[in-house]
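Look for chain A in each of the two complexes below; its partner is chain B in the first and chain C in the second.
Up next is the complex of A and B:
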């Protein structure tokens, strides 16, 4: 292992690192600005200067920029040498010449990398007495606030936004002292990952706009380790609370998933918990048409247990966005025979197919890290930017990773960002993205558009190329076959390819085809992985519950005489057609809905039970790869609302006369893992509430948390007793263990001298790698699988257009298709509107223009929607917006007539 | 938006590079040559023509002092304020021009004849102070001859691309 000497002390380093990376990895304090572990080095800021000596005798040395200097065996450098030390202080001083003295009113203050670095370099007194340059700021939309005067021109923002996230509407302008970072005119930042600018910017130029409206200093926030609730990837997040509201969400570093970056839905979508649609009090409706009246928790308990005790048959309807514990509690209450999955018909079918594929193997599931490091990627059908945004960013990271590998072959170090970019300027030749409509990865990947059935055929053809056991679809044209051969050839050469697909086109054949490709590769001895984007955060978790499909209940609903249905955190209007929803409510006299916010099922139910949201309750999700992750409650309300599982437990205690059932989360977890075999590994890995370090719990509050008594001074002058958290090793307190907790229990990143998000450096074994106290992930489908491969056969037939009809597929939107994210204030300003997407050819033939109002008729139901033209869409198919507020549920894919609406203008 | 002449000239530049985006600076210069400056519309047209984002092109355009993103007068005076010119009377020359034309640095005369801009060293220190009007270099300036020079531009309409007047 190479050794370098920093200030005469030897340090082991990894081959291929630069000096800055090596020094930071050893926990040394070396200031920097333009460098970022997710971006590499460009040597723009001159802040990380160190002294480099030619040998042990050399005391003078020469100054080098550590981020641009490869660390090589035997190298001698100094961080403490007077020359480089004073140079670094000078660099800070000159950055400060234009930086305003506005820390007290700056949102970044207290967690500012610039503050930290200025203190670290020892630049304490300002001598600059001239005018500072000033700029006009831009309005950049609902997510990011702009304050250009604070800029120190490190270029991190454009390097992230343009080079990593693929944005085209942010850049640097002008030169020398007038360099400006922004758009070429005011307007919302278009990229779906713009929120990361807030964390990438080392100072207060780009700050969190919704947070600014309800601002608190970092040290005044109560924080907890949490998991994003808004898609199936399970990115790790840190929500911060003050005065019982979630003020912001920050990235929680996890090198296997989201590393340094989140999508905007994940960062700005969680404030739905503050929305006026929140349900804080339970509601009772005597008759269907009555106005609901508020009832207390005790009355809720009485009414519910009364309904249950007189019920002939009670069914439970689970939810893919409720925790494992809540679903399990409901299943326990109603019994396995009466437990339904609460999914739409196609989601049910697709999810069980996904589960079957990942369980059967032999391909393992891919984490985002696997995607980033894959040497070939094939996306079949899924519009990732809208259904699993962070996965789309992982593909972009993969393209960068592969470019670094190519550059390495000619001796360019991976961290030498500008050199790598200059050397590799072409699109990736190992990433293929085949979708129904444009996918926003066109600029980096080989990409083309096909009808979903044809994408599946392409998948079969690729698999056939790799293994002739797979049937070749009939009637494929030469062009498509050539594409299949090309893709197969690239995949065949790859050692660790990843095949990505998903459920959002409601096309089962896509799942089959992608499994066939992955398995055919495994058969050849490669360690191919498979990755499916699923509909919701705990879709995979729900699939472990052996729930019956909701459609089965709908089939037997008239005959089955159900008296009570308990709907757990689920809006059935998003799962059933309005006709079926009517039948559901007509045939079930008492519907009890549990949820944390108002939605249609809650509004229609006899008893609507208020449950707490992820911010106030602890629970467990299984992500799309089968990774089991726990999210911890951030705070507790003074008017405490219980988690769904606790409410259901109370009902079980009463109805089954088990007075001491599940006293805390650990007990229900034990029971659950005992009953659901696949979860047993999780039971062993989880930290129980009794877990302590040095006899202490882990505090959710920083040790600078202020106002503990002042916050309640209008009620009492005494400091309230800290709340006791019986479910987790975390404490609602600023007191407790001050060191670094295990990775899954990190409530916030902070180290003395490192107040900004960059403090994550101090938690990592190696910068950009795993955390020091990394726990091994619990991944459910990693067990040794059978070597025997049975390929899916019977590929679909190629799509044939039906005259006068369109085949309609759903189209998801990152901002709008997730019901809860749409309630967040910031996202509500950015919502997509209902529409029907038509191909260019069809629109011309029909003389429809963008915005033409048309009636989409499926069976006898009509949707009146404006036309959006997707030039790339195949003739004979259309994409209908899915899941947006105000749009009725449609059973898709279906054939529909589309006619110009008579009242069109 | 772009004239056939402009696209023809841009095409010639594109041929010199492996990526057509590499010709973006020349393309902006071509547009400016024909139109006097690069308007937002022209910027958009060039960006589309070169298949790059407007923002990226604007970033490049604004980096260079000689690409004008705002309208300028028919004659752009670029007066050198570097050290030799400054020692040898830049201030006086500047005051004289200001007085003569009634405009300060960065401004354009109401009749649209002149725009006054500062510039760095013109590489003619042995004949300082110096300035350029359009593509013409004027050296050994004093308070008298500068007025004469300005007059010569006021009287005749100078075609922009003539070399050495």
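Up next is the complex of A and C:
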């Protein structure tokens, strides 16, 4: 192992690191700006200068930029040498000449990398007597605020935005002392990952805009480790709370999933917990047409247990966005035979297929890290940017990773960003993205568009190329076969390819085809992995509950056999057609809905029970790869709202006469592990409430948390006792263990001298690698794989256009298709509008223009929507917006007549 | 014996000295402006609120008796939506005044804050905000901070250049 000497102390390093990386990995304090572990080195800011010596005798040395200098065996450098130390202070001083004196009103203040580095270099007095440069700001939309005066021209923003996130609308302008970072003109940042600019920018040029309206300093926020609720990837987040409202969400580093970056939906979507639509009090409605009246928690309990005890048949409807614990509690209350999954018909079928594929194996599921490091990627059908955005970014990171590999072959280090950039080709030759419509990965991946059935056929053809056991679909044209051959050839060469697909096109054949490809690769001996984007955060968790499909229940409901239905955190208007929904509410006398916000099912139910949201409750999710992750409550409201599982537990206690059932989360967790085989490894994923370090719990509040003796002084002069958290090893307090907790329990990143998000450096074993107290991930499907492969053998037939009819597929939107994210204030300013996407050819034939209003008729139900032209769409198919507020649920894919709306002409 | 008499003599002599004790409340002591008494929030010379809700006073407060919530008005000025000091906890150490970057929070020579009910010692923003600039008559934070607010665009502050024209081709 190479050794370098920093200030005469030996340090072991890894081959191929630069000096800055090596020094920071060993926990040394070396200031830097333009370098970022997710971006590499460019040597632009000159802040990380160190002294490099020839040998042990050399005392003078020469100054080098540590981020641009490879660390080699036996190298002698000094961080503390006077020359480089004073140089670094000078660099800080230069940067501060034009930096405004507005830290008090800057949202970065207190967690600012520039502040930290200025203190670290020791610059403390401004000698520059001249005027400061100013810039005009731009309006960059609802997510990011722009204050250009504060810029220190490190170029991190454009490097992140353009090179990593693939945005095109942010750039650098002008030259020398007037360099400006912004858009060509005012306007919303187009990229779906623009929120990361807030964390990437080392100073306050880009700040969190929604946070600005009700700003609090980092030290005043109560924070807890949490998991994103808004898609199936399970990115780790840190929500921050003050005065019982979630103020902002920050990235929680997890090298296996989201590393340094989140998508904008995850960052700005969680403020739905503060929305006006939140349900804080339970509601009771005697008759269907009555206006609901508010009832207390005790009254809720009484009326619920009364309904349950007099019920002839009670069914429970689970939810893919409720925690495992809540679903399990409902299952226990109603019994496994009466527990239904609460999914639409297609979702049920697809989810059980996904579960079957990942359980049966032999291909393992891929984490985002596997995607980043794969040497070939095939995306079949899934429009990732809208259904699993962070996965799309992982593919972009993969393209950079591949370029680094190519660069390494000619002796260029992976961190040497500018040089590596030359190896990023216009189109990657190892990433293939085949989708129904444009997918926003066209600029990096070899990408083309096909009808979903044809994508599945292509998948089958690729699998056939790899293994002739797989049947070749009939009637494929030569062009498609050539593509299949090309992709198969690349995949065959790859050692660890990843096949990505998902459920959003509601095409089962796509899942079959992707599994066939992955398995055919596994048969060859490569360690191919498979990755499915699923509809919701706990879809996979729900699939482990052995719930029956909701569509089976509909038959019983039609026969009026159900007297009470308990709907857990689920809006059935998103799962059932309006006709079926009508039957549901008409034929079931008592519908009890539990949820944290107002939605259609809650508004129509007899009893609507207010439950707490992820911010106030603790629970567990299983993400799309089978990874078990717990999210912890961030705060507790004064008017305590209970978690769903606690409410259901109280009902079980009463109805089954078990007075001491599940006193805390650990007890329900134990029961769950015992009853559900697949979850037996669950225990290792979580820390019990009794877990302590040095006899202390882990504090949710920083040691600078202020205002304790005044926060509730307007209500009472008696300061309340700190709340006791019986469910987790975290404490609602600033007192507790001050060191670094295990990775899944980190409530915030902070080290003395490192107040900004860059303090994550101090928590990592090696910069950019795993965390120091990394807890091994629990991935449920990593074991019990059978070696025997049985390929799926029913390729679909190629798509044939039906005259006068269109096959309609759903189209998802990152901002809008998730019901809760749409309630968040920032995202509500950015919502997509309902529309129908038609191919260019069809539109020309029908003489429809963009914006023409058309009637879409599916089984005598009509939607009136404006036309959007997708040039690439095959004729005979159309994409209808899905999941947007105000749109009735449509069971897709199905055939529809589309006619120009008469009222429009 | 002699020392006892000497002691008695000294005590007796003090009986004819000028009295230091003031007959409060009939007579009021004159306190220096630096006296650390009741805390106020001041206004800048233009009459705008000086406090920009930067949270430094609440952070430095050793007894954590200050709590603030920041927000912004339509002119782009940040101000405290709420500012509460629990004077039943305050130790009048003056660290908040020292930390304040805009000289908004100031301690005054008013110490008459006794109350029969502890609740009355919780001062909200309307109780704290005064009409004048307090001890510092000049300072106006937004004139020297780079931030633009309504009425002070970029480049109009003290020691500021006109905003850069990024489309200019001049070197």
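The rule is short, and it goes like this: the second predicted complex is superposed on the first by the 896 of 905 C-alpha atoms of A that agree within 3 Å, B and C clash if a C-alpha of one lies under 4 Å from a C-alpha of the other, contacts with A are read in each partner's own complex, and residues count from 1 in each chain.
Keep in mind that, in the parts below, a contact is a pair of C-beta atoms (placed from the backbone, for glycine too) under 8 Å apart; a residue touches a chain by one contact, two chains touch by 3 or more.
In this text, all values refer to a predicted model and were calculated from it rather than measured experimentally.
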- Message: On the A-aligned overlay, A:703 touches which partner chain: chain B = first, chain C = second, or both, or neither?
- Response: neither
- Message: For A:216, using the defined touch cut-off, is the partner it touches chain B, chain C, both, or neither? Pick first, second, both or neither.
- Response: second
- Counting only touches as set out at the top, which of chain B and chain C does A:714 meet: first, second, both, neither? second
- After superposition on the shared chain, which partner residues are touched by A:356: those of chain B (first), chain C (second), both, or neither? neither
- Item | Superposed model, chain A: greater residue contact from chain B or chain C | C
- Determine, under the contact definition given at the top, whether A:425 touches first (chain B), second (chain C), both, or neither. first
- Would you sort A:243 into first (chain B), second (chain C), both or neither based on which partner it touches? second
- In the superposed arrangement, does A:184 touch chain B (first), chain C (second), both or neither? first
- Which partner does A:174 contact after superposing on A: first (chain B), second (chain C), both, neither? both
- Query: Do chain B and chain C touch any of the same residues on chain A, and if so, which?
  - Reply: 173-175, 180
- Task: Going by the contact rule at the top, pick out the chain A residues touching chain B in the complex.
- Result: 162, 168-175, 180, 183-184, 425
- Which chain B residues qualify as touching chain A in the complex? 19, 43, 53-56, 58-59, 62-65
- Item | Of chain A, residues touching chain C in the complex | 100-105, 109-110, 130-137, 147, 149-150, 173-176, 178, 180, 212-217, 219-220, 242-243, 704-711, 713-714, 717
- Message: Under the stated contact criterion, what part of chain C meets chain A in this complex?
- Response: 52-56, 58-59, 61, 63-72, 78, 81, 84-86, 88-89, 101-102, 118-119, 122, 124, 141, 144-148, 154-155, 157, 159-164, 166-168, 171
